[in-house]
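Just below sit the structures, each encoded as structure tokens.
You will see chain A twice below: alongside chain B first, and alongside chain C after that.
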Partner chain A sequence: MTEAVPPDLRTSAPRIASLRLATGEGIALRIVVAVILSLVSSAALVALSGHNPLAAFVALAKGAAGSPHQIGVALNRATPYLLAGSGVAFCFRAGVINIGAEGQIAVGGLGAAAVALHWPHFAPWLVVPASLIGAALFGALWSGIAAAIHLGRRVHEVLVTLLLNFVGLLLVQEALAGPLGQFGAGFLQSPLMPRGAWLWKLPGLDAHIGFIFALVAAAALSVTLWRTPFGFAIRVAGRSRHAAAYAGFSISRLTWAAMLLSGALAGLAGGVEVLGIHHRLIEGFSLGFGFKAVTVALLGAVEPLAVAPAALFVGLLEAGSLSMQRQIGVPSALVVVIEGLTMLFILAATVRRA
Partner chain B sequence: MIEFLEAAIRIATPLMLAALGGILSERAGVFAVGLEGMMLMGAFGGAVGAWATGSALAGLALAIVCGAAIGLVVAIVAVGYRADHMVTGLTANILAAGLTAYLMRVLSGGGRPIAIHLTPLPPWPIPGLAQIPMVGPLLFVHPPLTYLAILGCFALAFFLGRTQAGLTLRAAGESPETVLASGAEPLRVRMLAVTACGGIAGIGGAVLSLQQVGTFTDGMTSGRGYLALASLIVARWNPFAAAIACLAFGAAEAFELRMEEFGLPVSSYIVQMAPYLIALAVLAVLGRASRMPAAIGQPLPWDQ
Partner chain C sequence: MTALLEMRGIVRTFGAVRANDGVDLTLDGGEILGLLGENGSGKSTLMKVLFGLVAPDAGSIVLRGQPLVGHRPAGAMARGVAMIHQHFMLVDAMTVVENVMLGWPEAGRILRRREMAKRVREESLRYGLGLDPDALIADLPLGRRQRVEILKAVLRDAELLILDEPTSNLAPSEVAELLSILRRLRAEGKGIVFITHKLPEVLEVCDRVVVLRLGRVAGRARVGDVTRADLATMMVGRDVTTPHAPRIAPQGAIRLSVDRLAGRSLGPLSFEIRAGEVLGVAGVDGNGQLELVETLAGLRPASEGSIRLDGHELTRLAVAERVGAGLAYMPADRGQTALVKSMSVAENLMLRDSRRSPFASGAFLSSASIAREANALMRAYDIRAPAPETSAARLSGGNQQKIVVARELDRKPAALVAHQPAWGLDPGATRFVIDQTLALREAGAAILYVSSELEEVLDISDRIAVMADGRFLGIRPRAEADLAEIGLWMSGRAA
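Take a look at the complex of A and B:
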């Protein structure tokens, strides 16, 4: 007797192994232990370089949260990581390993700049929302291309999203060298956007309002994941493709949804960065953001709302790293080492044993 | 034309070495997304080793050690702890980017990376063969690591296809249970394969720092590891086919470098996209036809 395979499982993309991350009880403790382990290892690295690790970490903490200005810098840093990271976490929950946030963020920034710079003279209050929508659409378009190749031709999503990252970054450069570029600027950037397209500042802080958007988006994703039938289907698909297919969920539709959603959020991350910080599109404005998004997604136990403290942690680390370099002489690149080590420890500590 | 082909070979060399390492890892059943980080650490080790000792050979040795160290990290987390291969590889790349940038600055004792200036390895013309017209200058006047890459293809093909150890390695990627039944340990086979992959990819990185540029700069591999990964998949895990795929990528980039001579009405950014678009297109066309090693990406059962 042949086993009946649900049609959707046959036509869907091959699953080699879904991301086997433990997400149940005790996960927070394991992640905290992983963070402590990576801080201890990094302290050893600092000590090896002949500096006092304690002094370095104190300088880092002061630089990160010593003043309202510094906290604002950290919030601004955390914003794109939270937006893109909660989307990545959502994708990971669906068992879709989308590591294309890097390209989706860049293309999203391109979308925001294209809208903001070409906005006609009516309804100036619409510029910011329209630009953000443009950013989200461009990001979703970029992840949609990846989803189409992945599902249509059964190429592993990691490869497709990785390769599209490079194409996306080059696409931004091409736009800046051509239609969107500022002529004679000396390097690749767009002209400054009109003031009306700048994101509002939060009162009392040097942060823009993007962090609030990001928090709302993460909370909405979390509610979707845990309180809706769609979120239930996503979670089932992430745990077992077979179970999801037998339950009648369409794997390819769930993959499409997760990819488009996370692409839109990554695009939004790029748009917020462009409209809130630089007020123009600059080549490489989001370099490494996509991989930071994966970092904070793992650090937040692939739970969209828990990505918020994770993104804030990374934002604070980065905001403090420069003053650590200035005051103690420990290179700020140490923060990237801490991020890499933390991820490795988390990966090792949270494998699901099933 | 000869110059163009020479440039293609030059650009393909680091990719070829990384792809050879990646084949070793993927044939053993572990996705080689960490190639980028392994190459970067290799490039760093090569530059620092040669700078500290004045010997390119010592640089090469340190490149292998550094690349293998990243390989070992991937092996421990992805094979030993059975974490997701793709995300582990990606993480290793982030770690390598951070470590190399950090150490370059620690070595100088200040906030700026240390300045390393090496003389790139000169070509070694092979006596006799180099004098053949046309073919000679194209194939037999290369720096040493290029010959190593070409020899590596033959060595890897022989190892995988004709030796007992190669058979065991392939079995670890197709059916780990069989390896266990034959008395070997799939866990050890996979860990060794991934660590060796790191060492070989490290040589690929050293090609950049020792043979082509003569220094190390932050993130100098700039995606070459991912291209190598794409080329070995396009080549269906065959060393010679991978070499050809790498040469195709090399030719695309060499074409970009010479585009101004051709005077094409396309911007250089569009042409720079070509290798990635070609890789995507080939992967999409192969689609379901490309049969992966059966157990690739699958964790070993906990009792192995």
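Take a look at the complex of A and C:
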């Protein structure tokens, strides 16, 4: 009999999906401050390691965008993050915390390699689409298993998707140790794919066409989310399960849809990486991609289209810091620290709980 | 001899609502005072003022001759006041003695667990609490958990215990045990305020009773001097005994027909509502009202029985199909169910119709139609928002409810299920909701109006049912409704 509490007030667990971009006048200033803070702290770390921070930053900038080749490297880096990250963002919007991109990417790479190596005589115009479809299907299969366990046995989706990551990585290893492996390579990898299965290059850049696919996918997800009844249902479900049920939406159907979509996109990310970069399946080819995709999704304010600049930013940062490592000799561990710090500052500045 | 507690002229307003309007209350040691009243009558506010959870706007509190001013709960506890909430403040994963030691200075910086366990055992024996210090809270039934709260109070030397609806979650045998514990506490000289709306318990254990209604004292009595009927009449008030405008019972066709409907904590119950008729459901919250409305709306499965609207079987239909069949539903839970507060007014207006025209055309949403529709509804239903894009959270409660009214009623439904639709609204918005509901009635819809506010139900209904334990205790035409009888039914017993 407490007058201050509405009747039948039902609380629902806070969900990460309610993260959103802080809007308003303060946002630009906060980003500037975050960038300055990350520059200052990075400079301090570089100086501590005995190198000249200014030279390091010059190397970083040149490495990120100093030449068409370097821009191509950055785009290639950004591609899997954008594909998987926009799918993760879509899932988060539905209130489904899918952190299984890591495994879905790996299994997707396996799917692409399996198709490309199993039908080596396919014409080039057929083998690339077929391999990419294989990648998407494998990724969706992997997230579908997670969805089935989550919905069927009521296991929390974070747990299921997280644990399936390890299984997915082991599955790739197993395939490389067996049917897909290159005998005598001394390393777990598949044979090289036929030339026809290599992903097409963008003219004038050292980048494959994957980034275009990723942009199209992110745009399509964004339109789905904001311009279709299905997207509306996804957004309602992400905000309030009770309201979604009241509106007549089936939570389990929406969860299935979001999981399969994001799994397919993560699988595609793995396929693009295999067909576009390595031209073979290599153990650990996507290590850490899936977790970075989650970061990128948050950096992009869980808005699929806004994930594009976020993924590009991370791609540029990575390409730049690799060259900083090569040219100045900044230790690689420090490069990872700087990358992480920068993302942390930007996240702290832009994302807030709704 | 000074009284244990004297509260004089307590006033507390929340916005336009005077939750307490000059309430006086006294209590002696060794006395159990029943504090009676309907939902929203001001009982809880009064006790929150005493315990320091809410500051009074005016009035004084004197505890054993010493004024109690500007205190917080910690201060009240230090002065020997303990409050036992309806929802227990215990850590389930800890044992009884661990919960007793939580936040208690006497437990020491280094916990004297064995000594504390011994004291728990002693006090438990003294008051007949039957508690094992090492039992895990999670393993205890609700009645036992409540006794842990009582134990915490007596170990902290509380002289005055406030029990807020202590029997609402208890089984009948546990209620009997609680009442005997209260008698022991009284024998030890403790003063007890027993907040309830259940008349039999008041008559059984209390010495005196104070009845609150609309924030004022509606009556005081020694328990030996009053009957249950007297108390029921005091509780629901006299000024509503005459119907406003007795309507001739509608003789339209039966539209909504519910036959032996049952589910978890529900039914079986049956009723029919004719075209242009309002069936009001009164009763204390938590007696199956939520289960009833959600089962009708399709949010909960029915285990048995049938729901028919204009002859069509709805019982197994999904929510969206029921909406399509003409069933509107206004949930009590505005914040989490009826609205998505972080979404815009326009999006909330299309919440249940997003797949239909004019909102959707083909595979896409039509933003032009959505805006046009939202503007039209905002005008027609006087929803005061800066723009259709404004997030619903920024609107007042009244305007939020107008969104729900606009969405559900503009569809011209065949039947409406309204659950606490005027809850927490100011008088103007309440009037608006009631008027819109009545307009829908005039248009020939069948309406089920569920509310724990008895006056609201009396005001709007053609027939009245009282719900207790998931069933209807009886259905009476409004003109024949006997308030004393309804009061008795609400207190949980068939007359």
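The rule is short, and it goes like this: the second predicted complex is superposed on the first by the 271 of 354 C-alpha atoms of A that agree within 3 Å, B and C clash if a C-alpha of one lies under 4 Å from a C-alpha of the other, contacts with A are read in each partner's own complex, and residues count from 1 in each chain.
In this text, a residue touches a chain if its C-beta (ideal position, glycine included) is under 8 Å from a C-beta of that chain, and two chains touch if they have at least 3 such contacts.
Keep in mind it's a predicted model, so treat the numbers as computed, not measured.
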First (chain B), second (chain C), both or neither touched by A:Val128: neither
Which of chain B and chain C A:Ala217 touches, first, second, both or neither: neither
Which of chain B and chain C A:Arg153 touches, first, second, both or neither: first
Touched partner set for A:Val336, first chain B, second chain C, both or neither: first
Chain A residues touched by each partner, larger count belonging to chain B or chain C: B
Touching both chain C and chain B, counted on chain A across the two superposed complexes: none
Contact set on chain B toward chain A in their complex: 31, 33, 73, 76-77, 80-84, 86-88, 90-99, 101-102, 105-106, 109-111, 223, 226, 229-230, 233, 267, 269-270, 272-273, 276-277, 279-280, 283-285, 287-288, 292, 296-299, 302
Partner chain B, residues of chain A touching it in the complex: 14, 16-17, 19-21, 45, 48-49, 97, 99, 149, 152-155, 158-160, 162-164, 166-167, 170-171, 173-174, 177-178, 291, 294-295, 298, 325-326, 329, 331, 333-341, 343-344, 347-348, 351, 353
Of chain A, residues touching chain C in the complex: 1-4, 6-12, 18, 227-229, 231-233, 235-236, 239-240, 242-243, 245-248, 250, 354
Complex contact set, residues of chain C against chain A: 14, 19, 39-40, 42-45, 86, 164-165, 168, 195, 197, 285, 290, 297-299, 318-321, 323, 329, 331-340, 342-343, 347, 350-352, 354-355, 359-360, 363-365, 367, 419-420, 423-424, 452
